[in-house]
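One structure is given below, represented as structure tokens, and several questions about it will come after.
We call the chains A, B, C and D, going by the order they appear; numbering starts again at 1 in every chain.
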Amino acid sequence: MLRFLGRRVLYMFVAFLCISLVTYVLMKAAPGSFLSMNFQEGGVSQVAGSYNVSPIVMQSLVSYYHLDDPWYVQWFYYVKGFLTWHMGTSFEYPGMKTTHIIDTAFPFSFRLALMAVVTALIVAIPVGVITAVKENGWADVSIMFIAMVGTALPSYVVAVLLIVVFALWLHWLPVIGYTQWQDYVLPVLSLAIPMIGSMSRYLRNSLLDQLHSEYVTGVLAKGGGMRHVVGSHALRNSLLPLVTVVGPQLAGLMMGTVFIEEIFNLPGLGHFFTSAANLRDYPLIMDSTLLYAGVILIMNLLVDLTYGVLDPRIRRSFDMG
Amino acid sequence: MEVNDLVIRFRRDGGVSHAVNSVSFRVYEGESLGIVGESGSGKSVSVKAVMKLLPKHAKFEGGDITFAGRSILPLSEGAIRHLRGREVALIFQDPHAYLNPTKTIGAQMVEPLLFHRMATKSEALVQAIDLLRQVGIPSPELRVKQYPFEFSGGMLQRVMIAMALIAKPKLLIADEPTTALDVTVQAQILQVLRRLKQERRMSLILVTHDLVVAANTCDRIVVMYGGRVVEQLPSQALLSQSQHPYTRGLIACTPSVRGERTLPTPIGGAPLNLRRPLPVGCLFAERCPHCMERCRSESPVLKTVALGHEVACFLAEPQTSGVSA
Amino acid sequence: MLSCRATDEWGERVTQEPLLRLDNVTKQFRTRQGTMTAVDRVSFTLVRGEHLGIVGASGSGKSTVIKLVQRLIQPTSGDIFFTGVDIARMPRAELRKWRSKMQAVSQNPYASLFPNKTIGQNIVEPLLIHRIGSTQERKEKAMALMEKVGVPRNQFYAFPHEISGGQQQRIAIARALALQPELLILDEAVSSLDVSIQAQILHLLASLRGEFDLTYLFVSHNLAVVRLICSHVAVMFLGRIVEMGPIDAIYEKPAHPYTKALLAAVPEFTQGEEEAQVAAASEPPTPYDLPSGCVYRTLCPLASDRCASEQPALQALAGGRLAACHFAQV
Amino acid sequence: MTEKKRTMTTILWGRLRRNKAAVVGGCFVLFLILCAILAPVIAPYSYTQSNFLATYQGPSWQHWFGTDELGRDMLSRLLYSLQTASLIGFGAEAVELTLGLFLGAIAGYAGGLTDTILMRIVDIVYGFPSLLFSIIMVVLLGHSLFAILIAVSATSWVGMARIVRSQVITVKQSDYIQAARGMGATGWQIIRRYVIPNSLGPIVVAVTFGIPANMMVESALSLIGLGVEAPTPSWGALISNGDQAMFSFPYLLIFPAFTFALTLLSFTFLGDGLRNVFDSKSTQ
């Protein structure tokens, strides 16, 4: 198990380096960025001129970003900066470190995502179990139809539909603001509904696979009831395929917040990211991308570990090598 | 245990499958009964029906099953659960499929006792280890902590037997328990089954496609074809006194490692397609070498030709010489 | 090379022309758990008109031998001669020619038939692959073969999943015959069938043998079935041939203890005779962790010190038989 | 019944026709594609034609779906955004399919080291925050249709590559491929005659689900102002536009949101139907 863990962490590190390299290259290649100055003619003074900055300031920026060093040194400092949480300053908010923006905005987004996940799990697991046990009954068919609709729509379309119904027609819930708990209902629901759709569908299907497998007959033959079958056998086994889909979904959810924050005007990292993208605030773009990449990698690692916990076959095969 | 005129159909996607078309058999206390038939003969469905373990789209369309004088079909799910595992236990063809791959052998073995609240977990585990030793599994204390995938097929089938016996059932139903195993292992498993049946004085129903296995293991044999019983007789009478053309055909088909090296005489034609409407008359008529006009219009019923010997064929004749049943 | 052919009479008249010869063939697989020797120095010669059965339990390497003969996998060492030509290391492009002379029928007919093609097209397929004949000729030939194996012509456009298992196996046989092979490899070809259908297929195989001048290499775990089709038998245990020779002699008086155990375990109508001696429960050794000396010694009632230290070689016994046991004698 | 010539396609087609949701979804998809192609013909107005005398008009006979803040006809803008979405949806899917088929098939068929290396790359790309990556690509490449096409397909091809690979491996290990090799079929014959036809099912399904997914990414990008350059209309832009004016002029939000939702739904129903058809292939 330890060896497996070590290998996964090593792999994660390699993947992280690759991602950072790609973002770094993209950043260097970006047109109109002073960061790409070692591709440009004329050196520091020329670039400083074109940015209307004094050559002295420019020179300090250049040495700050190690722009006079070869690319791999720059890359090294870039990664080191991220890992030690000492990244550059934002273009858009001068004097503000990107880490500061991230420090305040990321927890907000993360909380939003977490609330959505918890809501989704709370709803999806019972729904999945009920529909699977009542396979092809009217409840199953109708719930699964609704779930399919939910799956098909992206969170921001759900958000719009929710706004139309609950804010516009019924005036039940507010749409703007982030101070009272009611403000969070619609954003969290918009994120959760597509997830509830897909998670309950996956859980139902994987639970059905389990319920149709022969060992269930084995449990029944021993005198067990449906309670035993689901509770102590099938549900646990069906979580394994669920984890496979939930992992990447969580990662996607972290990004889904970008659009929800945009629609509901919430001050999450996604919101800053969007404006950074529109305003070409490269340091902020790159740093938040790296952060999201890190979050996704950690999620994937957790998924792999969960596999090991849930499935003894995998656990034992890891032990062997 | 008694099964009478059982009819089971599967309805799925608009089609009807005539899985069991009137089956009757009885097992007495301490007796072993072999149910023999080829695939699609309804033998597995019949015995799973005994414990109502069929999927939802299976419908009982007639007949009756009684166990120890009680009718089973009207029983509620809760009531039938009291019988399962405690009174009647089952073992299946593929032990790897019939065990949960993610739970240890020990945890699954004690379940019959836990479900019926017959022991605490730790007591149950002691019993499980003891039983594993009885079915011939070396170092059972270690084995209970292992998972099904760490066992070979033969070993796992022993585990299944031990698990089935843990709640001391009166009847053990073994559904093709040795089909997936190598011959040497098959011989071992059958021996274990025979020994435990003797020791525990329970009844045994052995479902198999192999006439020889059934004849060697059981006291009595029921031969099924197309979801009907075509012949029922004591094992000793099988070779010499069986009368149904299908039973005779099966005997003739079975290859042997001894005696004359001649090709077996095949039964012509294809097995009955149970998804199509059933033919009128004898279900075996199409493949029968002795088929008469009457067989195509009229369905033969089981008639007694000797003590404990019934045949569903118009050509069957009563035995005059005494046969020991 | 095709000068002399045997007539088909249960392999009674045998020519000396070897159709297939395996010479010290070994196949090892590298897996997570280490190196596994699936086939260990297997040698045998199959003469035209002889029919060799290979029997053994699951995991004995018999299926691997078949794959090696077909060159679906490459042997780790050793030579395979087919019609006198070494095919073990032949480049793939060249192998094509030889493969048409050696066709196989596998255990699971449904899985081996092309699921997206009708059964008629399935028989046409090998002809298409080798670009033999015109469309019409190919169809005619397929129809003729369907009739030969006993499937009505009007089933040409049925799909494999629409016909019964017995029919599927007939089609698989017809497909194998389309290229007019000399060697027909039967890999558990009747194991998945019910006895009544199995008997039909065995009859079919027996009649085709003469009609198409076939030599059979028949792998099966069913000793009784092998006996009906083959003239010779090789018994395998954990990748090694432990006994080999004419089938009647071996079945009557097996020399190797494993062969004895195998034959004793085959269920027979005993009519209340006393039960055959059955070995106590013990796990056979795994191919990852073979015992020293004789591989069978951990299960063998005769095992002695010599068996642990010295691996018995296949030695010739009377009557053209070979056995790998220190105690073998006839 | 079996005497007539039949192919697998006709059988699958017959099965698909029995699934009502899939048929409705499929018809609607066809209808949408027709609308997208014929947008210049059937749109009552040009999507750029503004009319400052008729801004913020509710739905009427002249303007079925009303007009926006510049007095542009919403129906026409919706039709053209459907065109944009289809171009991106199908175009990006074509890119993904090409890349995915190529790399997935190579990895699956070659196996060994090639497979390991390719799949490691796929794994790493899979770990990318794909939407953010698309955003960065748009930032770098600009707002052209082509740039967005690249941005949308830049990371999503890995999913296709994985499906193709696993499908190829499943088919490759099947008995009938062994049989074909035993018959003496060449590698190319095996790929063309057996591997491709038999692995098509899940790929077709993945494509059907991939197109709406691409449309989603496209609209997401335009939602945050990174879509195709204005004034070319796009769903995301229409939605974000409507979002700003939703309390006074809800129809500006409702119509684009509902048509978009309907489009995605019909693709999903079609895909779900196709999946059922291919799943039940072997079990009749």
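Heads up, the rule we're going with is that a residue touches a chain if its C-beta (ideal position, glycine included) is under 8 Å from a C-beta of that chain, and two chains touch if they have at least 3 such contacts.
Quick caveat, the model's predicted, so the values are computed rather than measured.
Steps from subunit A to subunit D, minimised over paths through touching chains, total 1. In this assembly, the chain whose C-alpha centre lies farthest from subunit C is A. With centres defined as mean CA coordinates, subunit D is found 50 Å away from subunit C. Centre-to-centre spacing of subunit A and subunit C amounts to 55 Å, using the average Cα coordinate of each chain. Centroid to centroid, with C-alpha atoms defining each point, subunit A and subunit B lie 54 Å apart.
As a whole-number value, the distance joining the C-alpha centres of subunit B and subunit C reads 32 Å.
Looking at subunit D, one finds that none of its residues touch two or more other chains.
Those residues of subunit C lying in contact with subunit D across their complex are 70, 72, 92-93, 95-97, 99-100, 102-104, 106, 108, 111-118, 125-126, 129-130, 154-159, 161-162, 172, 175, 179.
Touching subunit A in their complex are the following residues of subunit B: 48, 51, 53, 56, 77-78, 81-86, 89-90, 92, 94, 97-104, 111-112, 115-116, 147, 149-150, 163, 167. Residues of subunit B that touch subunit C in their complex: 38-39, 135-138, 152, 154-155, 158, 182-188, 191, 209-213, 215-216, 236, 238-239, 249-258, 261-268, 270-271, 273, 287. By the touch criterion given at the top, residues 2-6, 8, 11, 174-176, 178-187, 189, 193-194, 197-198, 281-282, 284 of subunit D touch subunit C in their complex.
Contact residues on subunit A toward subunit D in their complex (touch as defined above): 11, 14-15, 18-19, 22-23, 26, 29-31, 148-149, 151-154, 156-157, 160-161, 163-164, 168, 248, 251-252, 254-255, 258-259, 262-263, 273-274, 277-278, 280, 285, 288-289, 292-293, 296-297, 300.
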